[in-house]
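In what follows, a structure is listed as structure tokens, so that the remarks can point back to it.
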Amino acid sequence: MCGGRRDAVAGRDAGGVRLGRRGERTTESNMGLIESLKFIWLFLPNLMPREFYELGVMAVAFLAVVIFITLMVLFMVWFERKVVGHMQVRRGPLHTGGFHGWAQSIADTLKLFLKEDIVPRGVDRPVYILAPLIVFMSTVVAYIVIPFSKSLVARDINMGVLFVFAVSSVTTIGIFMAGWGSNNKYSLLGAMRVAAQIVSYEVPLLLSVLGVFMLAQTLSLSGIVEAQKHVWYVFLQPVGFVIYVIAGIGEVNRLPFDIPEAESELVAGFHTEYSGLRFAFFFLSEYANMFVMSSMATVLFLGGWHGPVLPGFVWFLLKAFSFMFLMVWVRATYPRLRVDQMMAFCWKILLPLAFLNLLVTGLVMAAV
Amino acid sequence: MPELKTDSLFINMGPQHPSTHGVLRLGLTIEGERVVNVFPDVGFLHRGIEKLAESRTYIQTIPLTDRLDYVAGMSNNLAYVLAVEQLLDVEVPRRAEFIRVIAVEMSRLASHLVWLGSFANDLGAMTPLLYCFREREDILDALEILCGARMTFNYIRFGGVARDATPAFVEKTRKFLSTFDKRVDEYEELLTENAIFVNRTKGVGLLTREEAISYAVSGPVLRGSGVKWDLRRDAPYSVYPEMDFVIPTGETGDVFDRYAVRVMEMRQAARIIRQALDGLPEGDFTAKMPRVLKPRKGEAYSRIEAPKGELGFYVMSDGTASPYRVKIRAPSFINLAALPAMSKGALVADMVAVLGSMDIVLGEVDR
Amino acid sequence: MTPLSQYLALGAVVFVIGLFGVLTRRNAIGILISIEIMLGAVNLNLVAFSRFVETSTLNGQVFSVFVMTVAAGEAAVGLALILALYKSIKAVFADKFNILRW
Amino acid sequence: MTTAVFLIPLLPFLGFALTIFFGRRMPGNVGAAPAIATASISSVLSFATLFYVISGRAVDVSYPWFATGDYLVSIGVTADPLGALMLVVVSVVGLLVEIYSVGYMHGDTRFSRYFAYISLFVFSMYGLVLANSFFLLFIFWELVGICSYLLIGFWFEKKSAADAGKKAFITNRVGDFGFLIGVLMLASAAGTFQFKEVFHAAGSGQFTPAFLTVATIFLFGGAIGKSAQFPLHVWLPDAMEGPTPISALIHAATMVAAGVYMVARCFPLFSASPEASLVVATIGGITAIMAATIACTQFDIKRVLAYSTLSQLGYMMLGLGCGGYVAGMFHLMTHAFFKALLFLAAGSVIHAIHEQDIRQMGGLSKYMKVTSLTFLAACLAIAGVPPFSGFWSKDEILVAVRQSGNTTLYVLAVAGAALTAFYMFRLYFIVFAGGEKKKAHESPAVMSVPLAVLGVLAVCAGWVGLPWMKTNIVSFLTGSQAHGAVGAAVQAVHGATAQLQAHAGAAAQGVAGAVGEGAHAAHHGPDYAVMATSLLVVGAGILLAYATYMKGWVSREAFSKRLPLLYKLLYNKYYVDEIYQALIIGPLVKLTRGLSGFDLAVIDGAVNGTASVTVILSRAKRWFDLYVIDGLVNGVAWLTQLFGRVGRRVQSGYVQQYALMILIGFGAILIVKFLR
Amino acid sequence: MNWSELLSAPLAFKMLAAAAVVFAIGAVALKNVFHCALSLAAMFFALSGVFVLLDADFLAVVQILVYVGAIVVLMIFAIVLTERITSASVRQTNYLVIPGVLLCIALLAGLVSVIRASSWPSLESGPQQDTIKIIGRQLLSTHVEAFEVASVLLLAALVGAVFLGKEITRK
């Protein structure tokens, strides 16, 4: 009993990558190093108060996620630049690091990290400073539940999807904080647009996913992936998938829905006043958010880690990056919508369509 | 949410802003997202070209004109040269006239391409910009072969042009033209057939025919509003009367019409260049001119259909080696006056589209 | 294990803080914020009871779902009202909304 | 299959929703598309259901809906032979009428609204048919009534139409009141609304006979209203103010049959109570003969048909009342087809010459071939000429009545048959034969095709009840089917499947004869005496009509001249409306007048008298008032003002201060409570 | 209630409770309304942490989704529309502070004494439950009427809010 309670305290078994603290789900190899690490892992709780241990585990897990995201984002930025470049008869980064400019993102990041930390006068200082952190955190936390493969998931809670949407909705607040805290009219306009947009597009996004829940009969991400063992939901829920793609792009504020930071209108929207490290956080979280959206698409519609021959997480990443590629492709192709058109599109087309999809799904399920 | 307005907000768009294409300041009064008032504030790039000309000789003024509309320098050269030639009473050789037409139309293409790319970029489509610059690169390469410069040409001179058009230039131009029409089709596929683009531009920034005339706008902005007015046909100069081309016009005068007019003009310009290349006569590329130019006392006004509209040069000579007074009628400047009329009730995003559709160049606005 | 009484005490403290806010904030939005705090405290009590008493039906959790629904509706209408008032009297302070006084 | 059965009513509802919301945006005839599309799918499903039921299975599902007190109200459908038969009738007639209406209503300003109403009606009718509990039955019963009201008054700009709608609605309310009482009596006694359980309770003798009789008679009250039986029949003729397709669909074929259907559905109850059955039979008989006599004297084509409908409904009731469960339903089915046909044909005529008075018509067969042919087929069917459908079903009823042993009713029934033949052919001869009065033209295909389809049905629908066949509608409805054989019989009649056409084609007669030999023990064989009688009287009726209106051997005015009083009585429909006016409405009006007079004279007088007394008294009091009371009052006012001046400080307008006060008050109450 | 018990409570509860109280105080006491709204969001986060402790993980997530994702955003919207960053200097409390404090302390004392006086059931060690499933069942069976009424209420609120918002533009 006591153990069960305590698990709840620090967020269940709170591990990083599931190494199997209790050993029951360990399917990894049996190398000596891992064995010894495991021993230490199992022994650690005896050395300190339970709470410190839990916190420590959380910290380690968090750090792992952050490092993973950073690497992922670096790759994604490079990936996008290459893809967009080739679509626009350019070549994208070429020189830094030798092979096709692979180190370009790293160089850019370093540059951002080394820049002067500017806090303009007249800003709401605590808000201004906290905003990028909150935006970043809210995206990072979502990674905790994403199942990269059958065993590679930080925490498999039984309402993973809701969790992801809940924490990503916090992004809105962070962005609002940035817009308000900057004390800049462009930022404020951008923040208001962003809030309106995210709040609106969250509705069809969630509705489009409801069809998947109905089919899978679970909210657990792993459970949903398991349910797609034989047929991906993109085939059962094509309309839902399309709505998801559109609303997802809207949710992460990318072209053609990048209205909040439309550089030709609002300069840079809510992060106009940010530079250096703080800007890097926004940048990081934008791409991290894209990856969350892609991962969710993979999990919800594209069968997650299922696939022949290759190991699960490779399939997962392949699918997620295919979705990423779609987003980049869209970005290279379309102009930006106007704010009213975007809202009208959301409320007048996506939302009814999502409801219809839900209705049809329900009817079909009832009929079968 | 844009409907949820409370107080009106005043924001400065520019002088440093990504979509003012230079140092234009727009004072916007907005309520939520809706623009209730806009006034353009110009003069940040004032270089006093008109005044400078008074202390230069006639020929030294030509390079100054290159800096007016710096994406279409040839047109500025031609307009100025035509004005001075009226005072000089010089006979321009036929070959030179043809080369001038080719050069000016190439400049028109370059200008429209820059406009198209940046306009699409203003609307958020990044790709057309790079496509357009790819085409423009070819044009600039060709012009480089012609006169050695890529942007500040200083090419069209009194009595003719600076250098002859070499076969290399002709070949390069033909090669460029052979692919150009297909490329324009490609842009139209990317934009004209794109629902988002059409939604962003149709019915936005309306300028009625009457308003257009009363604001004295010219060029594609005027034609977009449905007025069939083109100086190449209505006040012909050079050898344009020999060319066969169509003057495209719009219907409603919205952003889309202005866009469509320019795209169609690009096709027509290519057609004119082809005709000019085919009919390029042999002969001198310049008339015999004295070393020191001292035009007769008097005044002259010339106007041509520049890419942006009617570009006019008023030159007053007192018989000395430098002009007494030069006044430039810059199309961008006059067109800009119609901006508040066009952007009544627009959203902030529409402002960008409207401003982009006017195709202003600040070098010309502020002079 | 944390006993029920401590959850209830936390609920009471948060509730009273919210009440204090309702009584003393001048800003109407601040009052709404305080009301949300009170509702949050109520939710806490409901959930605590549902954990400790009659665990199988989770009635307390269901009730707090309803409380959240009501809170959402209240926030939407309340804020719309405040904005409407702001439009007419250019202030959001509750002590400016006193045209109903003698 | 359950899903399909659920879909049958839901599809028209979808059509209704689509049309009512988006109909106005649909141009031209498109407004009819959702209605017709959904109705067609439902029809297909209905037929599927019929064959499913024929194959010996049934659908009967219920889902709990909500519970009030001890009652668990469930929502569910049942598709048994009775329901399936009715489904097919409703769907066929409904679909054909909708198609017909496209032509008839073409160009009407509320074209789409019309189709929305029809869809709603079809939905309700399906619901009514499929309902498996009294509760649902009542809901759809009322929905059907609403639709009827809406559609009768569809051209509400016409005062007469609006009045007719109101009349129908109010008259129906009287019957429905009885129905509701009956339902509630049964439900409260049986503890459930479910048919099955109520019937079971009745069958197991759970109710006392007297209770059962009263309850069923109340139930029958609903049927009287809805099926326009004798005392409440007055609304139906007036309902002809609605569009003619509506008359065909609602006021001839389906809705008015709902009463009959309900009686058939509740047959276990009625059969358990002989008294109630007798009431049903008597009311049916009276209605049948009364309406038939009236029909002989009317001149409005639709009214003639309306009275004919009344008469036929009376027949059905008569059949049911005499224990002819199958007979009644069989006649309901055939009647639905030929009566719909008659109305639609009449509509075609009206559409063609814009005239309803038959005295203005004549010789139309020359212009309207399809219409007159189909009309003739329907006339033959309704008159009961073999082998047309009406003959077989009417024969069943006559047999049932005869077997019940009630001679009076039997005579009434036979007389009714003769009259039916007479007035129908009177109508036919006047309208279609003889000299032409007006030029006309055939109606468009969209109208004439349904006519033709219904014509075929009017001829053939009766063959499912050939008494020689072993497996016919009788065995189907009474539930003792031999699967394959029944399927073969029914399908042969409908000529549906190729596989079975071989059998059918060989010789329907032969098959029928063969199985007829071993006629089902549960049912009688053909009763040739009855057949002969009915043929005889029908022949006489037709002959009389022919003689009078075709050849003129008998003067048309002969009857009105010879028996002017009787003619006047009939022409004025037995003065029922006037009697109602005199007996119910008049007295009510008088009573209210009297009450108002009483109010004016006595009560107002008293009041006024009191007033004058008061005036005198008050004068006396004035002095006292002025000097004694005012002093007090002013003093009180002064005090009030004093307190007010102090107290208004409390009314600051600050919400939060109020909240604080409330809290303090709350605390005070708590303290008081705890200190006690 | 025993105060020493509080000290023995698990660290997580202590931390979350402290955070909830601190942020709640922040939400009612900060001068800048924008900060108040942020503090409110933080308090809801802490409360949803407490919900997790109470095995109400569904509610914890929904709380974040509804309060932080929607209600606080709405409030911030309203704040942004009505406030300027500089208006933080305006007096934010009314003259009821002192009576308010007194009253609240009295109420708190009353509540705490009642809580201490009562005896509460101790934790039943119920098996780990699938809360979503149970809540879903409950919502659509036992409480279905309330559920429907709640949906109507939301709709009414939505329409009302839109109407009021429209009123603003009409002028």
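Which chain is which? They are A, B, C, D and E, in the order written, and residues in each are numbered from 1.
Keep in mind that, in the parts below, contacts are C-beta pairs under 8 Å (C-beta built on N, C-alpha and C of every residue); 3 or more make two chains touch, one makes a residue touch a chain.
All of these numbers come straight from a predicted model, not from anything done at the bench.
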Joint neighbours (subunit A and subunit D) are E
Could you find the chain whose CA centre sits the greatest distance from that of subunit D?
B
Centroid comparison with subunit C (C-alpha atoms), farthest chain:
B
Once you count every C-beta pair in contact for both, which comes out on top, A-E or C-E?
C-E
In whole angstrom, the CA-centroid distance of subunit C from subunit E equals 6
I'd like the Å distance between the centres of subunit A and subunit C, where a centre is the mean of that chain's Cα atoms.
32
Taking each chain's centre as the mean of its CA atoms, how far is subunit B from subunit E in angstrom?
61
Approximately how many whole Å separate the CA-defined centres of subunit A and subunit B?
46
Junction residues of subunit A - those touching two or more other chains:
192
Residues touching two or more other chains, restricted to subunit B: which are they?
4, 6
For subunit E, residues contacting two or more additional chains
10, 13, 53, 55, 58, 62, 70, 77, 81-82, 94, 96, 99-100, 103, 107, 165, 168
Subunit D - residues contacting subunit C, complex:
648, 651-656, 659-660, 663
Given the complex with subunit D, which residues does subunit E contribute to the contact?
94, 96, 99-100, 103, 106-107, 110
How about subunit A: which of its residues touch subunit B in the complex?
84, 87-90, 185-186, 189, 192-193, 196, 255-256, 258-259, 262-267, 331-341, 343
Inside the complex, what are the residues of subunit A that reach subunit E?
1, 4, 6, 8-11, 49-51, 54, 122, 124, 126-127, 130, 157-159, 162-163, 165-167, 169-170, 172-173, 176-177, 179-180, 183, 188, 191-192, 195, 199, 202, 219
Could you pull out which subunit B residues touch subunit A in their complex?
1-2, 9, 11, 17-19, 33, 120-127, 130-131, 134, 190-191, 194, 196-197, 199-200, 347-352, 356
